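Order of writing sets the labels: A, B, C and D. Residues in every chain begin at 1.
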Amino acid sequence: MKIGLIGLGKMGYNLGLNLLDHNHEVVVNDVNTDQVKALHSEGAIPAYSIEETVKSLEGPRVIWLMVPAGDITEEVVVKLNGLLEAGDIVIDGGNSNYKDSLRRADLLKENGIHFVDVGTSGGVDGAREGACMMVGGDSEVIGQIEQIFIDTTVENGYHHAGEPGSGHFLKMIHNGIEYGMMQSIAEGFDILEKSQFDYDYEQVAKVWNNGSVIRSWLMELTQNAFSKDPKLDEIRGVMNSSGEGKWTVESSLDLQVPAPVIALSLMMRYRSLEDDTFTGKVVAALRNEFGGHAVVKK
Amino acid sequence: MKIGLIGLGKMGYNLGLNLLDHNHEVVVNDVNTDQVKALHSEGAIPAYSIEETVKSLEGPRVIWLMVPAGDITEEVVVKLNGLLEAGDIVIDGGNSNYKDSLRRADLLKENGIHFVDVGTSGGVDGAREGACMMVGGDSEVIGQIEQIFIDTTVENGYHHAGEPGSGHFLKMIHNGIEYGMMQSIAEGFDILEKSQFDYDYEQVAKVWNNGSVIRSWLMELTQNAFSKDPKLDEIRGVMNSSGEGKWTVESSLDLQVPAPVIALSLMMRYRSLEDDTFTGKVVAALRNEFGGHAVVKK
Amino acid sequence: MKIGLIGLGKMGYNLGLNLLDHNHEVVVNDVNTDQVKALHSEGAIPAYSIEETVKSLEGPRVIWLMVPAGDITEEVVVKLNGLLEAGDIVIDGGNSNYKDSLRRADLLKENGIHFVDVGTSGGVDGAREGACMMVGGDSEVIGQIEQIFIDTTVENGYHHAGEPGSGHFLKMIHNGIEYGMMQSIAEGFDILEKSQFDYDYEQVAKVWNNGSVIRSWLMELTQNAFSKDPKLDEIRGVMNSSGEGKWTVESSLDLQVPAPVIALSLMMRYRSLEDDTFTGKVVAALRNEFGGHAVVKK
Amino acid sequence: MKIGLIGLGKMGYNLGLNLLDHNHEVVVNDVNTDQVKALHSEGAIPAYSIEETVKSLEGPRVIWLMVPAGDITEEVVVKLNGLLEAGDIVIDGGNSNYKDSLRRADLLKENGIHFVDVGTSGGVDGAREGACMMVGGDSEVIGQIEQIFIDTTVENGYHHAGEPGSGHFLKMIHNGIEYGMMQSIAEGFDILEKSQFDYDYEQVAKVWNNGSVIRSWLMELTQNAFSKDPKLDEIRGVMNSSGEGKWTVESSLDLQVPAPVIALSLMMRYRSLEDDTFTGKVVAALRNEFGGHAVVKK
């Protein structure tokens, strides 16, 4: 199949290689022309603008976006909405908020353009070797392009989840679960670290990866991490986040689902971004007020 | 009434003055003889050992302990168990774990000595001017000494809660609630602090103390604290804790009562004691493993 | 001062009486004409439409809304925007989301109409006898109408917090703190209830209201509640919520402030709305899968 | 090797078969003689009392306990302490609290008997086919019996973690992580269930097991569970627990490690055991007191 691919960052570039491996014709575009040239040298057809990308494809066009979620995705979708024709298909493979995807599906629909949202998991290696893809879109549309999802995922790693928006919603929940699993693992090792015993964390993760109830890819990654830095002495425990965890918590609130574990996983990430907290100051000041407990001066 | 008072720290010394104000004869003892002398100069009868304290009283003796909970209380109770006689009464006014109080009540009972546990709230000023006391002990015993609780508490600030142990249990729960309330207030101000608005926190606490649903003594203390240091710039948000919060959470687990708010109040205190966390390092390392997200190097 | 008052529910009706007590002229309107007539009989000037309300006032008009937050407030503000003139003042005394207030302030400003947001606390009795009001609005505007806030609040119960939006934001945070405080109190009593001791909860709340660190209006209400129903046998523990707690948590997420206690207070409310949970089913099914632990059949 | 095996429940029986598969001589004992006979018919040497078990072995004896943690393990260890000789080895393969294991190691040591604690994960099938074992014990002792751990675990599924106690501590933490992971997965599906989309949960779990970040044995079990009962309509969400999660939270408190996710996983399990809560009643009563919000009558 001939496919346009816009966005050649870590994920998009690897997806491009993955598509080429499976003998698709790929028209590639990025604001960074070096990335375009690099993928051209791997066999892709270069395009140096979105317009050129569109012109290099024949209807019904299929254009896969791997650009940053938010403003940039918005900009590209709006532009494509002005360039594409009825029957063309826009695939958003980024980490977009499903509410944006619902809105964009409606926007494009006005011009007869189809929208497909793809939640992608598996990291950078997954994009290259075979990812996990959760896909939302109308069945008829998915039927036209399903082969490219089958080609670029691991076996059984593709699922058409439902109507437009359902793919990004599912990816959001996937990430919420991921937050909770990671925090669970991390709390466990933190208790080990403070305990009276002297564990070898790489070996602990290794034994847990073989036959235990908590064996998992995240535990394998934990094993890898400890194999490189046995006590993680070289890094600071700053836990950034990129949106999906927050959206998951917001969705849980909207739907009145108690999700304390996912919520706390997120909040402990926020806590890790601060050296000191105003919350702590208020509690310390109050303890001083009623009990004369000494405060720590700055 | 003639009362022995052992332990003349911040709380005990003020309680001694409070008892003297109400025309009780008070035999005072502390390992720090300066405190004994100071209270002597206020009208108390000095005693320079526990033995002397016991000898200065006539049976049935009443001895009130205001010594640190844990090992020191244990030591004093064990010593008194060897010195006192059947019918004497030991009052523990410290922040003892109720399980210890249950055990001590049984220990003393073997010699016919009565045990009364008093949970005291209201801070140092309360000990001086009138505190809140939650009392556990057998009704007959309480009947003999009730007047001293009435004298040293604010109006309606004394409650005989039940059998021995029930006073310290109630104080423990009081402190658990206190942890939750303080954290609630503190989180609220933290959100104000990070918001787009520029609030005067002293004025905020003041208006909340007048007519609002959350008016409370803790909010008055919040107002006081902000009146001295408007943004709490001078202190660090290190939140220490002294045991009762932890015991409350442990009790909630033993009784299978979900108490997420009290538990989290405690856990955020523990979090405030650390500059960096192993939990954070593990999560940061995992994000790097699967997503290539940069870690913060030390 | 002559004031229009739209919305004569529990809160609005009492506010009307409160304003009349302080010798203000009050033009009252509600969709329920019985309420208008009732307040007319108390001395208010009746108006049977928003148009009539506006006509009954002279510029610069002051109109206070006590209508339900959300769609109805929106409808009334939009209508007033078409009827009022530059220099007139709209006060929103409802529990509006501060984001709506920010938007409405901007909307009205286009026509030179001023917007003032008032967060009101103290319940129905507060509206009648003297509430707590947190007010957002431009200083010049507030200067013109401050007396009516002073008149209808308890002493020191009025605070001009800042620019438009800051009043409703402050009220939102007030409610977030309220959620946390209530859950703290409730968890404490739940542990008492499951404990080995047999407490008299009314007496417990009473002693805690006299001299303790946790004395507070909410604890007084707890005492009241237990005085009527000593074990709360007659009610179910269904905890509804009305928006501000959720908004507080959403704001904490937007501002990256960890607010676990307020968040969990809200989530336990949501949990109380369900008899059974899908979360529980999944965990029970998993325990059965790996450990052969029996599940509870429906 | 010749090994005594006491306790032939689900786990112990399967472990016996597993040991027989690897050509060990196994002397088996259980209070249920049917289990002894059944395993005898599989090739094990029957013993109808603990004394007989001990007599059927030659020094240095190796006796593996798979009896319920708590009182029964205590009873058996105390009995063995009176029957065994210096140099003999007691292996506790149950889910004992590590504090008990530390104590028992000391107790047996007085008679020169060695104690080895084995935390076993992998469920009933793991005991049969190859489990994951986390082992605590002195290196010299472990050296003598290591082969039986290697034989009964999956490849790389055995780890000598450290001194006595460290095996059960590690298993405890394993289970704490398991609680958090299970709750994370469950919360995710709960949000899906309440969402606007109509997902096929078996397919969702399946795609997440292929290439995603959260692929794991627990997700495979989730897939299995949904394959049998697509919406889990047949079961109630009652989440029991068996001790290790609680001990993990208690350890986190003792070590002052914030572990909100593991703690909340446990607390939501407790919550699932109740139809109604006293916490909920108190909050509902308070909302009624200050806001006139209707309560739900029983």
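Please note the rule applied: a contact is a pair of C-beta atoms (placed from the backbone, for glycine too) under 8 Å apart; a residue touches a chain by one contact, two chains touch by 3 or more.
Going by UniProt, the chains are A, B, C, D = 6-phosphogluconate dehydrogenase (Decarboxylating).
Note that the structure is predicted; figures quoted are calculated from it, not measured.
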Compare the CA centroid of chain A with every other chain's and tell me the farthest one. B
Higher number of C-beta pairs in contact (B-C or A-C) found for B-C
Among A-D, B-D or C-D, the pair whose interface repeats that of A-B, with over half of its contact pairs matching by residue number, is C-D
Specify, for the interface formed by the sequence copies chain B and chain D, whether it is same or different in terms of residue numbers shared by both sides, with half as the dividing line. same
List the centre-to-centre spacing of chain B and chain C in whole Å, with centres computed as mean CA coordinates. 34
Intercentroid distance (Cα basis), chain C paired with chain A, Å: 38
Touching two or more other chains in chain B are residues 123, 183, 185, 187, 190, 194, 213, 217-218, 252, 256-260, 264, 267-268, 271, 277, 279, 290
In the complex with chain D, residue positions of chain B that touch it: 213, 246, 249-250, 252-253, 256-260, 263-264, 266-268, 270-271, 273, 277, 279, 290
Could you pull out which chain D residues touch chain A in their complex? 121-123, 126, 130-134, 153-159, 161-163, 165-166, 169-170, 173-174, 176-181, 183-185, 187-188, 190-192, 194-195, 197-199, 203-204, 206-219, 248, 251-252, 255-262, 264-265, 267-268
As the complex stands, chain B meets chain A at residues 10, 123-124, 182-183, 185-187, 189-190, 193-194, 217-218, 221-222, 224-225, 229, 232-240, 260, 264, 268-269, 271-272, 275-293, 295-298
